[in-house]
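Next, two complexes with chain A in common: one pairs it with chain B, the other with chain C.
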Partner chain A sequence: MALAALVAACGPVEQPSGARPATKVFRYAMDQAPTTLDPVQGANIYANFVIVNAYDTLYSYKYLARPYELKPNLAADFPTIAPDGLVYTFRLKKGVRFIDDPAFPAGRGREVVAEDLIYSIKRQFDPRNQPQGAWLWQGRIAGLEEWKAAGSDYDQPVSGLRALDSHTLEIRLLRPYPQLVATLAQGFAAVVPREAVDKYGKGLGVRPVGSGPFKLVSYDTARVVMERNPNFRQEPVDLAYEGYDPATQAFSGVEAIQGRSPPFVDRLEFNFINEPSASWTSFTKGDEIQYTVLPIEQVERVLASKRPVTLRPEYADKYHIYAGLEAGFIFTAFNMDFPDFGYNPDPERERRNKALRCAIIKGYDWQGRNESWYNGLGQVFPGVIVPASPEFDPDLSLASVSRDVAGARQLLRDNGWTPRNLPKLVYGTTAGTTERLNFEQFRAWMGDIGFPREKVVQKTYANFGDISRAWKRNQLPLVAKGWGLDYPDAENTLQLFYGPNGSPGSNDANWENPEFDRLYDEAAVMQPSDERTRLYRRMNQLVIDDCVAITGLSRTRIYLWHKDVIAVPDREILGGFWLKYADVVPAKPAGLTSRAAKGT
Partner chain B sequence: MSAVALPEIPPARARGESLWRKAARKFARDRLGMVALGVVLAYFVAAVGVWLGWWAMGWPDLTGTKWEAVSGTHWFGTNIIGQDIFDRAIYSTATAFEVGLIVALVATAIGAILGGFAGFFAGTWIDEVLVWLMGVLDAIPFYLFVAAVAYALTDNPWAMHVAMISTFWVGTGRLIRGEVIKLRGMEYVEAAHSIGVPEVVIIFRHILPNTSHILLVQASVMFVGAIKAEVILSFLGLGIKDGMSWGLMIDESTKEVLAGFYNNFLAASLLMFGLVMAFNAVADALQDALDPRKVG
Partner chain C sequence: MEILQYALRKLLGGLPLIVGVTLVSFALMVYFGPDMTYLLLGKNPTPEQILEVRQQLGYDQPFLQRYLGFLREIVTLDFGVASTGEPVTALLAKTIPVSLILILPGFILGHVVGLLMALAAAYWRGRWLDKLIMAVAVTGMSISFLIVIIGFQIVLSSSDGLDLFPVRGWNSTSLGSYLTYVTVPTLATMFVALGYETRFYRSIIVEEMSRDHVRTARAFGLPESRIFFRNILKNCLIPIITRIMFSIPQVAIGGALLIESYFGIPGVGKATYEAIITGDQPVLKAVVSLTAILFVLVVVLTDILYRAVDPRVTIE
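For the complex of A and B:
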């Protein structure tokens, strides 16, 4: 017995061979929950983060390369493109299988083939799916519109989508589309098996069946849990190919994944925490979540300096940090379908409406918003070409983002607007303290230019999904939202104002400007060039001149993550693709470390 | 001749002193109660000033910069968007009184009427239905009920009031029912019956006035309860829709205290604490003063 006690006291100093390794879990956090996981409706970043981990896309982005670079994902390589730029031929990797699921015969996932991609793109043109990604290929891929008009019969072919063999796909375009490959790196283009749609129907929104690095375990409004797809293809990481820059990225410990095949964690959790303070508490109190965006109220306490962004020593000991300007922006669009602000059968009223919109823009205090909510770290810029776009014009006049209360009042007076005849401004927000204060700030600014308090009203929605539906259904006169670039090209923000993309498409403003649309069509077929940049900037000026949106500000994102997580997080263009590269240093069993340290 | 001392006759006023007068005298002797009443009156004056538009009208305005410290310009500092916290706190006093008064008055009235009917018709189907209704409402958790009402009355500024009134009257109803069951067997009620006074008149003219001491205490308790509930509901996003309240200020402060800025939290919490404590003390003093066993 004494011997037994002695043995127990010494204990094992290392795991016996064959012992099961500790489960590696990465607990990620986002501020909103996705409303669906079906790629056909995955219109926001929250859905996309999960979708690209459950499904495969033909292309994705290199993990570490900045500026962002596309790379083949499910595709074997980059497409061959016909000289006229109208025919793209893609080859798919062989041996890639969907996860095992009852939707397949005998429950065993079958191989992904070219027809699956064709089927997935067709789904975006089937009105029964209430698709939200059709704008990516509308008027671009030959035959899709006709297929839709003929009733969206999946057994009927589309002339522009052809499987040359089981692993070769041909896409024929109506006109050159330089961004086509980038669109195939979107969650909207995730490859969905027809068997799963046939079996689950709308249930696919809560039960993804893909070939991605993870498969879903559970999904609710608080959390998505995924586990490693054991059959995910073996593709060892080549850090040099992924764009690794030791000078700026070595701190993350990412060298440890060199030569290993992702995914590296056994379990991936998305925790949806709406309140930044709650997220911060979960992050700092232990391992409840291992990643967070730095809440604005913690900036002074956590940062040693803002320019450059550095952590105080007590936080630097525990966490990694990354700060950078977002590849996107926040803005508020006027919904031109509302005759109080936008298009009106009476031309005189329409002229006055424009003056009203311009006055509201003049009354908006971007610098005030930047100081209040972003500690002055954001970048205010005019128009809709964001600083992260290659086509951004740093020399553009800042007049449209400079507050001019006297000018706004004068404009209203000159155009016959009085407190009595000003229309009601309905400002939609999700429910929450920040959103309410945002509204109060907006109401105060509008009060400064002459809006009576009772004419600026807040309409709240329970969550992002609800307000998003209201935007898509054309129910709100003011659309205050953020947009993250899907790909590094200003076309991606300019399309937010392209006439044919009106609701329920991405043009929430429902703005239709013939010159803008003509320039957009012209630029859409052009490869990157000075001439295309010139057209983009002209379009940007039209948005500014027509006072169609209060825009804009790019926020500085500050991410923190625990030091036991090996990763270079990104929320921008790379999106959720980086999560398969995240690794976690497993915690050593209690007692093992101390004894090992003592050399026992 | 000798003078005969006549016995001193007490003033008729003292002999016939009403219960209310005795209660008022007793209340006036309660020092804590009087101090608390003074505090409540001070809050009330602040609320009246807001209703009349004399002060705190600038509560939504951006009069400063982010998180300004206490100063001569901003007595309690400013919040994250530069609004004056003092103005918001004072404006919230009016919100508290508004909610407290409306809920207390309407819920007390409903409780009195329905409780009165249930008591007067005790043992009949009317009583059974009303007691069943009270039981049902009591069985629903309050905050779930409020959430359901708030959802059903989306964007309606009265959703919170409706939810509170719908549940708060039940306690009063039960008390009044019990009291009326006691009163309906009294001789004066039987006399009214015998001379043919209609039942409704008996209830409203002869019985309910005799429950007024209960109603007064219940109303004061409900007033405090409504203020506390409003703060909690506003904090949860189910309360005040367009306006300002201490609950919303505390909600705002959840972010600010993490940044080391406590002004919103302290202003709202202390003002609410002061009013609730003072009104509780007033309610206690009222209860003591109106207790028939003590007053009689």
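For the complex of A and C:
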């Protein structure tokens, strides 16, 4: 009785999950929960997936175009740019409204105007918000730093942000910033109404009030549930404009959305499942989650071949598959502030240190890592310009990612390195079995080139926050990490080695190369062009030549989704923007074959 | 009245315990716990921005000031705002009931069935039934909880198994849907709990059965059932109460992390786990302090129950 009473008291904690829905429901799965839904702190991919569906950004990416291409979203078109590249003028679409919410007078959402965008960017420069997106515009947009220094008063103007009228925004820059438009396609730039912030304060993190395609129904540690925003603007899909390629994308049935206005599902669920076995069992059950990233332990069981990636027949009958290279990479940087193998007051020792770093790079087995951890599906590449960047050079020599144990040993011998005088390598990781195995593999490779076992040691940290602290405080000699592109531009990975970005900035290597920095400064103000690509590639070569990082590998993720879902999933640059285009084919009477099921 | 006075006295006596537990746990959190600073910073932060975030989080304040603030939060039950932006009290009010109704069936059934199995095993000690029950108990104890959960999911919920229940999710809007979602987690919890409970209860019952007063009762020719319930089971109540009572704080506040995580249930266990991972100190502080308070309450309640079941126990 007591239990029954408690059950009743708990009330509508959650909506049913497993029952066959009467409405169109897409049950998406992510391997982590977002920490907040407030764009001001929407730093990780999980938060961004939800944020860009609850809020509007000025720009987004074309649904199907690869390489990724920007397109106007809340903006009416691309901005007009002054000849000096310092003034951008944006026009907003008219008639776009925020969702109805008690934050607004009479609970009715008002129209989105240029001032809302100004307000949203200002929030990133208000320390009270603990903002995480200020780096996008810091030192770029005129007046923001001064506004912050004057106390972040929202009633005070920012010289570089001006609403020319209700639907026209002018942004003035301190120096040309070719990536500006791309920054306005990020969750950080989502348009937030001031009324909602005034009413909910920090509570906005669990109660988004935006003008995006969906609105929030519930949010907890297990799930976010959203429903279609009934007032979302009508914008019929033009597949050709979105970059549709029938040769590679027809299998998904995506032609069915041509001419229709998104969003197509009534209800969108984000299920947070960080246990691969639970995710797989739920996915294969049939009436629960409809999308998953293929768990690595299921690869052999599910795939008929890896190149190309195809499913075994029993799975191909039920699921679609798509293998996508990540827009990012994993690498290990040498922290040059450690004199044992980095900068050293003694020029001779510094010369020997470079040889040591180059020998370690030669001893590193990227192919082995790819086979061990990524089923051989990742792409090993030299340098720091990742394959997903438009500036990637497919013809670059693979020498820096090809294992050469004999060459490494020779290099060490030639430069006076012996097992006795080799320095200790401290390999920092978060605590965990995978990380331990990663380290042991690294230690074995270093052993092959002559490092005594006791000179390669692991230092563990409880969580990502703690190891980040060690990186930022310049405490770790070897920085092994992954990096995801914020926008499809090699500048985003090259800045990882830009001298002024040293600790606590993102240049964990604390590498300072005057030529690299000069080229970076030169390229940073250039619009995309062959000349800029040439500069990027030259910088990439400098990183390789100076043996400043063991790099790199882009992982391949394999997405699976049920055949009643019409979609081409992505979790890279496009991120959560694709979810508004996802459609679900209603269940058909027995004996009929769904259109989507005819795909591969 | 006497009991009330005793309870109040014990509660006051528990205050140093609460202060001690909160002080130790707070010191651990401050000096060894996760640091949110670097999770909240954007890319390429300046030293000034790092300082700003540390100030926002209160990390720059002296330890004593922070601890006093923590005590104030406990007294007012206002633990501030979680990293999601949700007030911690609202988060706990939302998640604790979910964990309670998730864990309670397995908790109750685990103890009741465990006790019944222990009684049977002890009664037929050394016989085949005893050996069978102990074999089941040892099996339950030996298998990792993780394996048990995955096994039950596959057997009862997956399309490769019986496909009787949902793999994940939670719905307590009606008794029917509640039973649908709670069954597999309950069975998994029970399977593991049974092993520990049965072995524990069997050992105390067997010990009690071998006492002189039981032998004397048998010599007097009293019926076995009467001996069992009045002379054996009643005397076992003290350790039984102790075991059950001290499990309560874990059930109420700790939730069941693995269960909630694998079954996608938004309880306090999962919320606590997320807080540990992200370094969400307001949530961690709330969970630690509430657990400490609940332990003190349980100690008091347990002492009162001792008195109820055994008149020899004085409350002086």
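Quick note on the criterion: the second predicted complex is superposed on the first by the 380 of 600 C-alpha atoms of A that agree within 3 Å, B and C clash if a C-alpha of one lies under 4 Å from a C-alpha of the other, contacts with A are read in each partner's own complex, and residues count from 1 in each chain.
To be clear about the criterion, a residue touches a chain if its C-beta (ideal position, glycine included) is under 8 Å from a C-beta of that chain, and two chains touch if they have at least 3 such contacts.
None of these values were measured; they are calculated from a predicted model.
Legend: residue contacts after superposition of the two complexes on their common chain; A:Arg409 is shown touching neither chain B nor chain C.
Residue contacts after overlaying the shared chain place A:Phe464 against chain C, while chain B stays out of touching range. By the document's definition of touching, both partners, chain B and chain C, reach A:Ser277. In the superposed model, more residues of chain A are touched by C than by the other of chain B and chain C.
Look at A:Gln41: by the touch rule set out above, it reaches chain C but stays clear of chain B.
After overlaying the two complexes on the shared chain, residue contacts for A:Ala222 are found with chain C alone; chain B is out of touch. By the touch criterion defined above, A:Glu371 reaches chain B but does not reach chain C. In the superposition on chain A, A:Gly133 makes contact with chain C only, not with chain B. Look at A:Arg172: by the touch rule set out above, it reaches neither chain B nor chain C. Under the contact criterion defined above, the residues of chain A that touch both chain B in one complex and chain C in the other are 275, 277. On the chain A side of its complex with chain B, the touching residues are 275-277, 280, 295, 297-301, 368, 371-373, 431-434, 436-437, 440-441, 443-445, 447, 453, 457-460. The touching residues of chain B, counted against chain A in their complex, run 60-62, 65-66, 79-83, 155, 237, 242, 248, 251-252, 254-256, 258-260. Residues 32, 34-47, 49-50, 52-53, 56-57, 81, 83-87, 94-95, 97-98, 100-101, 104-105, 150, 153-154, 157-160, 163, 166-173, 175, 177-178, 180, 260-266, 270-271, 274, 276-280 of chain C are the ones touching chain A in the complex. The residues of chain A lying in touch with chain C in their complex are 3-4, 6-7, 9-18, 33, 35-38, 41, 43, 127-128, 130-136, 138, 200-206, 219-223, 271-275, 277-278, 281-282, 284-286, 288-289, 462-466, 468-469, 471-472, 495, 501, 504-506.
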